[in-house]
Amino acid sequence: ACGQAGGDPANPDKLVMGFVPSQDSDKIADTVKPLADKLSEELGVEVEGRVMTNYSALIEAMGSNQVHIGFIPAFGYVLANDKHGVEVILKSERHGEDTYRAQYVVRADSGIKSLKDLKGKTWAFADTNSTSGYLFPASQLMDEFKVKDVQAEFFGEAVQAGGHDNALITVYEGDADVATTFEDARDTLEQDYPDVKKKLKVIDYTDPIPNDTISVTKDLDKELVEKIRQAFLGFNDDKEMVNIMNEVYNWDAIREAKDEDYTIVRDTYKKFEDSIDIDGN
Amino acid sequence: MIQFQDVSLVYPNGTQGLKNVNLKIEEGEFIVVVGLSGAGKSTLIRSINRLVTPTDGQLLVDGENIIPFKGKQLRQLRTKVGIIFQNYNLVKRSTVMKNVISGRLGHTGTLRSVFHLYSKEDVTLAYESLKRVNIEEKVYQRADQLSGGQQQRVSIARVLTQQPSIILADEPVASLDPPTSHQVMSYLKKINREDKITTLVNLHYIDMAMEYADRIIGMRAGEVVYDGPASQVTEKTFEEIYGRPIRDEDKRGGEVQHA
Amino acid sequence: MTIPKPKRSWRQIVIRWVIAIAVVALYVWVFTGIDVKWERVLSERTINNLDRVIPQMLSPDFSAFGKVMEKMMETLFIAYTGTLMASILAVPIAFLAASNMVKNRWLRNLGSGILSGIRTFPELLLALIFVAAVGPNPFAGVLAIAINSIGMLGKLYAEAIEAIEMNVVEAMSANGANKIQTLFYGIIPQIIPQFLSYAIYRFEIDVRASTILGIIGAGGIGTLITIAVANRNWSEIGMILLVIVVVVVLIDYLSAFIRKRIV
Amino acid sequence: MPKIASVPSSESFSGNVISGREKKRITLIFAVVVGLYIWSSMETESTITDLIEGLPHVFNMVGQLFPPNWDYVSQVWPKLVETIQMAVIATTIAAILCIPVSLLAARNVTTIPWLYHTAKLFLNALRTIPDIILAVVFVGIFGIGVFSGILALIIFSFGILTKLISETIESIDPQPLEAIRASGGNAIQTIVYAVIPQVLPQFCSLSLYVFEINIRASVVLGFVGAGGIGLLLQQQIGFLRYPNVMTLIIVIFFVVLAIEYISGKIRERLV
Amino acid sequence: MIQFQDVSLVYPNGTQGLKNVNLKIEEGEFIVVVGLSGAGKSTLIRSINRLVTPTDGQLLVDGENIIPFKGKQLRQLRTKVGIIFQNYNLVKRSTVMKNVISGRLGHTGTLRSVFHLYSKEDVTLAYESLKRVNIEEKVYQRADQLSGGQQQRVSIARVLTQQPSIILADEPVASLDPPTSHQVMSYLKKINREDKITTLVNLHYIDMAMEYADRIIGMRAGEVVYDGPASQVTEKTFEEIYGRPIRDEDKRGGEVQHA
C-alpha cells in the first residue's frame, strides 16, 4: 500500500475502526462511539468508528489501509484474510461461548423431524453470503447427503429472503418448509409474532461457527497491534464497557483469537468456491 | 340578435375592460371593431361567448341574458357562437380533420366524441366546411404542416362545422402577411353573405376595416366611441377613435407606391 | 359527397400490425413469465401484516428524532457537495457529447458513451470503490454521488446545448468574436437557466440516492434504514420516513421557488 | 433567500455593461453557493488530497472488474428476465395510473386550486420516499418476492412519471384548450381533443425513460429480497467477485442501451 | 469598396448559389438586393463577410481578396463588416446592453470580454448606438422582453457598436409588420447617410426596395440580372428580375385603399 490519508499505514495519526454488525445477532447497533472513545483513551491515538451494514466495503477499505481495525463476521474475515492479508487478533464471546451454531427451523406441525425429511422441500435462507444462514448448513447437508449442489440436488426449491427474520417469516407463513438461521433468530420476531416459538421448532444444529472477529490490517505496526489487543482485553474487566458491549452488540466478553480458529470457515467456503454462483431462487 | 345593455367589465386587477357599452347587433351584420391596442376590442368580442364575464349590465344573445350562464347553458351558448383566434389555436399535432370535427364537440356526446364516433352528416359537414375555404386536399395532413394562412382557413372551417349563428373573430389576420390577410377576410365576408351569419371581427388596420365592414364600431378605453356604417367613415372618424391623427402605420399596407 | 379516405401505404399498415403484435407478445411474455404468488399476496396474512406494520409506522418513534435528523443533515451535505461537483464536471462532457458543438462523430460518441456508461454503474458499487479509496466516510458518498450524477446531468446538459439557437452563435462569429467569446456571449447565456434548473432537480434526486449509501459506510441515513429494517423496528422506519418526506418536500418547494426566479 | 429576479425596470444607465442590481445579484448568488459548498465539504470531510491519494485504489478496484467473466452471463439470464418483466409491469401500471393524477396535478387543467395543490403535495411527498424503504415496507407486508418489488417500482416510478407528465401538460399551448372550450366542449372533450394530442409524444418517451429507471432501481431492490437482478449483484459483491459484477453491469448497460434505442425510434415516429 | 470579380459559389450539395457575379460597390452606397426566394440574395450578402465562401473568382474588400482568409484575418474582416439578420439573432436571455456590447467582441481581448472589462469608450459607444435607434431606455432589459421591431433596432445598435465600414442586412424586415418595417428601414437609411457606411440590404418587397435604395441589384438563379439606380427602375425591371408579371403580394403593402 502507498501513502494513506491517515499518514503512515503502520502508525496512522488516526485509527479508523470499521464495524459490521453481525447479521447473526438479534440486535444491531447503529453507533460505535462509546467503544471508539474508550479505545482512544486507552491508546492515546484518535480513534474513529464507522458502522457499515455490508462487509464488502469494509474489507476493501482495510485492503487500502483506510480502515485499520475491523469488526468482521467469520466469513468476511476469511475473505479479507485471503484477499488482503487482514489478521484476526480477537473474537467475541456470547453466552459464554466463542462459537455459535446455525439452526434448522421448520413449522411445528409440518411433520419434519430430521434433516433427511428436508429432501425436496423448499428452503429459505437470508443470503448466500451468510455464514450461518447459508454456508454452514449447506456444507453440512453436502457432507451428510453426498450432494455437490444443495439447492439443485437436495432441496426442491430455494428462496433468498434477504434476512434471517425474513427467512423465518417465510417458513412461518408457509411459503417455505425450512429456514436456516443463526441460533435462535426466533427471538427477533417475538415482538411481531408472539407465537413464533410455538409455531416454529428447531430440528437440528450445525457444527460450531467461530464468532465475529476483531481484525487488523497487515501493515499495522506490531507494537500498536499488541496495544490494541490489550486495550480490548482490558474491556473485559471494565464493568461499564461490558455493559455497553452487551447492550449494544450482544457481546459478553472479548477473547484472544488466531487465524487457525477460522480454518473451519475457510474450509467450508472452499467447498462452495465453484458452485456458489448459483442464484438463490 | 346581440344586445349590450350598459355592459361594463372590470378585470380582477381593476382594469376597466368595458365601460357602459350599449350596442344592438342585428342578424347577418358584418361588423368590424377597431381601436388602439388595449381599447377593449378583445374584451368586447370575448364577452359574447363568455370567455370573459362582464361584471355589470345585461348582455342578451337571442333575447337571453347570458351573463349568469354556467355549465350546460354556457356550453350551449358557445355551441351557437363560434370564435376565430389570432393564432388559429389549432391542435398542431392533430390532423386537419380532427381539428375541424372538434367544432362539433358541443353537439356530440362525450363518449361518442372520445371514441371519434361521429355521424356521417357531421363528417360530411366538416369536409364541406374545408371545401368552402378551399383547403379540402389537406384533410388528413397535420395542422403544423400548414402555412399560417392555411391554418387560419382551417380554423374558419372549424367554426363553420360548428354551424354557429354568430361568428366572432379576434384579430384573425394579425399574424398573416397582407395578401393572405385579404384572402382570409374575403372568406369571412363570403360566409357572412352566404349563410347570413352575424360576424364580428376585431381589426387593427383601418384600411381593411373600411374595405370589408358593413358597420364599424370604434372603441377607446373600454367605451364605444363610434358606431356607424362603414360608408360614412372618414379619416376624421378614425382620428376620433384613435384620439390622434392617422399615421401610415395604422394601415395594413403602410406607405406604398411612393416611388 | 365522397370524402377521401386517409391514404396509408402498405408499408405503414404492415408496420402498424408488426408493432401491435410485438406489443401484445411482450405483455403475454411478461405476464405469463412473472412468478407472482397470488395466493400468498391475497391471503389473510397480508392483512395481518398490514395490521402489524402500518400502525407502527404511523406512530413514528420520536425518541429517534435526534439521531435521524443528524444523519439526514449528513445526507443533505453529501448530496449538496456531490451535486455541485457533478454539475460542474458534467459541463465539459456535455459539450463533448452535444452534436452541434463537436463535429467529429467519434469524439461525440466518446462523450455520450462515457455518459451512458456512468449511468449504468450502480451507485452502491461506486460507493464501495470510493470507500476503499478514501475510507468509510461521507466523502466517499460525495464522490459516489458526484460521479453518478454526472451521467444524468451530462445527458440533460447535452440536450440543452443541442437545443440552443445556433443563429445567435452565427451572429457572434459574424461580429468577429473568437470561439471563447462566442461561448461566453452566445452560448452560456442561453443554457444557464436550464443547467441550473437541472442541477437543482438532480439535487433532489441525490438526496434520495444518498440515503442508500449508508449501507456500505459512505455516510448518510442509509445505515439507520438498514439497521432499523434488520431490527424490524417499524416505528423507527416511520420516523426516518417522516424526516425524509418532510425535509425533501421542503427542499422541493424551496427549489421550485429558486427555479422560478432564475428561468 | 436572495431576491433573484425582479422585473427589470428601465433602470437608468449606469455606464456599465452590467447594471448595479444585476452585479449585486450575481455576487450574492455566487457567495451563497460557494459558502454552502465550503460548509458542506467541511461537514463531509471532502478533501481533494484524500481523493488524489486514493486514486490508485480507484484504479486498482476498477482494474479488478476486468476482464468480465463471460461464463457468468448464463446465470444472469433468468434474473435479468425477471427484472425486465418487473420493470415492464411496473412501468405499464404506473403509466396508466399517472394519466388521471397528472391531469389533477396540472395547473392549466385542474382549475380548482385546493384540488391541484393537494395533488401536487401528495405527489411531492410520494416522490421523496427512497425506493429502498418502499421495498422494505412492501416486503414486510406482502412477503419477499417479485410482487413486493413490482409494487415498490410502481410507486417509485409513478411519482417520477406523474411529476414529469404534469409538468409537460402545464407547458402545452393553452390556445387550443381555449378554442375547444369556446366551441362548447366539456372538460373531458377538452382533455381528449386538446391536451392528449399535445402530450402524447412526451408521454411515450417519458414512460420509456421511467422504464429505464425501473431497470436500474431493481438493482437496489435485490438487497432486501424484492427480486430481480439486484440479488445477484449483492451476492457477487458479497463474495468480492468483481469480474462477475462487471458482467452484471455490462448486461444492464446493454439493456439500458437497447431501451434508449427503442425510445429514440418511437420518439422519431411520434414527434 | 467591395468588388466581385467573376465570383461563383457552388454549395457542397451542388446547388449553384452564385454564378459569375461581377459587381463594384462604392463607399457609402445604399444598395438593395431583390430577387425571388432562392435567387441567391442571402448567398451574395453572406459571402461578403465570409459566412459562406465563394468557390471561384475574387472578392475584394478594400482592395484585398477575402476568399482565402482564415482565423485572425477572417475575424478582422468580420469586425469591419457588420451584419443584421432576419430573426435579429439576439441572445434572448441577455440584457440589451450585453447584446449590444457584444458588437465590440472583435475589438476586445478574450479575457477582458469574459470578465466584462470594457473600456469606458466602448460602453459609451454602445449606449450611444442604442440612443441612435431610440431604444436607450431599455438598456438593462432582457432582449426577450422587447417587441420584434425593438429587437431589430437592438441588433442594428449592435452592428453600430461594431463601427463597421460595411453593413449587411439579410431581410431585416421580413418578420416585422409593415409600419415597423418602415421604421427599421428608415433607421438603416439614416445611419447610411450620417456615417457613410456602405449598406447592402436584401429585400423581398419591391415597393420598399424602390423607396429606400440608391441602387438596386436584381438577382435570378445566382446571377445578377439587373444593376442600376433605383430611380430608373420600373415595373418592367421587376418583371425581368422575377421572370413573371408583378403580383400584389410582391409588395409589402398588398392591396390597399380599395375602399
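Letters are used for the chains, namely A, B, C, D and E, taken in the order the chains are written, and counting of residues starts over at 1 for each.
Here is the rule we go by: a contact is a pair of C-beta atoms (placed from the backbone, for glycine too) under 8 Å apart; a residue touches a chain by one contact, two chains touch by 3 or more.
By chain, with names taken from UniProt: B, E = Phosphonate transport system ATP-binding protein; C, D = Phosphonate transport system permease protein.
Because the structure is predicted, anything quoted here is derived from the model rather than measured.
Steps from chain C to chain D, taking the shortest chain of touch contacts, total 1. The rotation relating chain B to chain E, fitted on Cα atoms, comes to 175°, given as a multiple of 5. The greater number of contacting C-beta pairs, out of the two interfaces B-C and A-D, is seen for A-D.
If you average the CA atoms of chain D and of chain E, the two centres end up 47 Å from each other.
Rounded to whole angstrom, the centroid-to-centroid distance between chain A and chain C, based on C-alpha atoms, equals 34 Å. Note: centroid distance chain A to chain B, computed from Cα atoms, is 80 Å.
In chain D, the residues that touch at least two other chains are 50, 53-54, 57, 61, 143, 223-224, 237.
Residue positions 37, 40, 45, 128-129, 132-135, 137, 215, 222, 229, 232 of chain C are each in touch with at least two other chains.
Across the complex, chain C meets chain D through its residues 26-27, 29-31, 33-37, 40-41, 45-46, 49-50, 53-54, 57, 73-74, 76-78, 80-81, 84, 116-117, 119-122, 124-125, 128-130, 132-135, 137-139, 141-143, 207-208, 211-212, 215, 219, 222, 225, 229, 232, 234, 237, 240-241, 244-245, 247-249, 252-254, 257-258, 261-262. Per the touch definition, chain C reaches chain B in the complex via residues 1, 3-4, 6-7.
Within the complex formed with chain C, the residues of chain A that make contact are 5, 16, 18, 21, 23, 27-31, 50-54, 56-58, 60-61, 63-64, 66-67, 163, 165, 173, 175, 188-189, 191-192.
On the side of chain E, the complex with chain D involves touching residues 95, 97-98, 101, 116, 118, 120, 123-124, 126-127, 136-142, 145.
By the touch criterion stated above, chain A contacts chain D in their complex at residues 2-5, 54-56, 59-60, 64, 66, 79, 83, 127-129, 159-163, 166, 169-170, 173, 175, 276-281.
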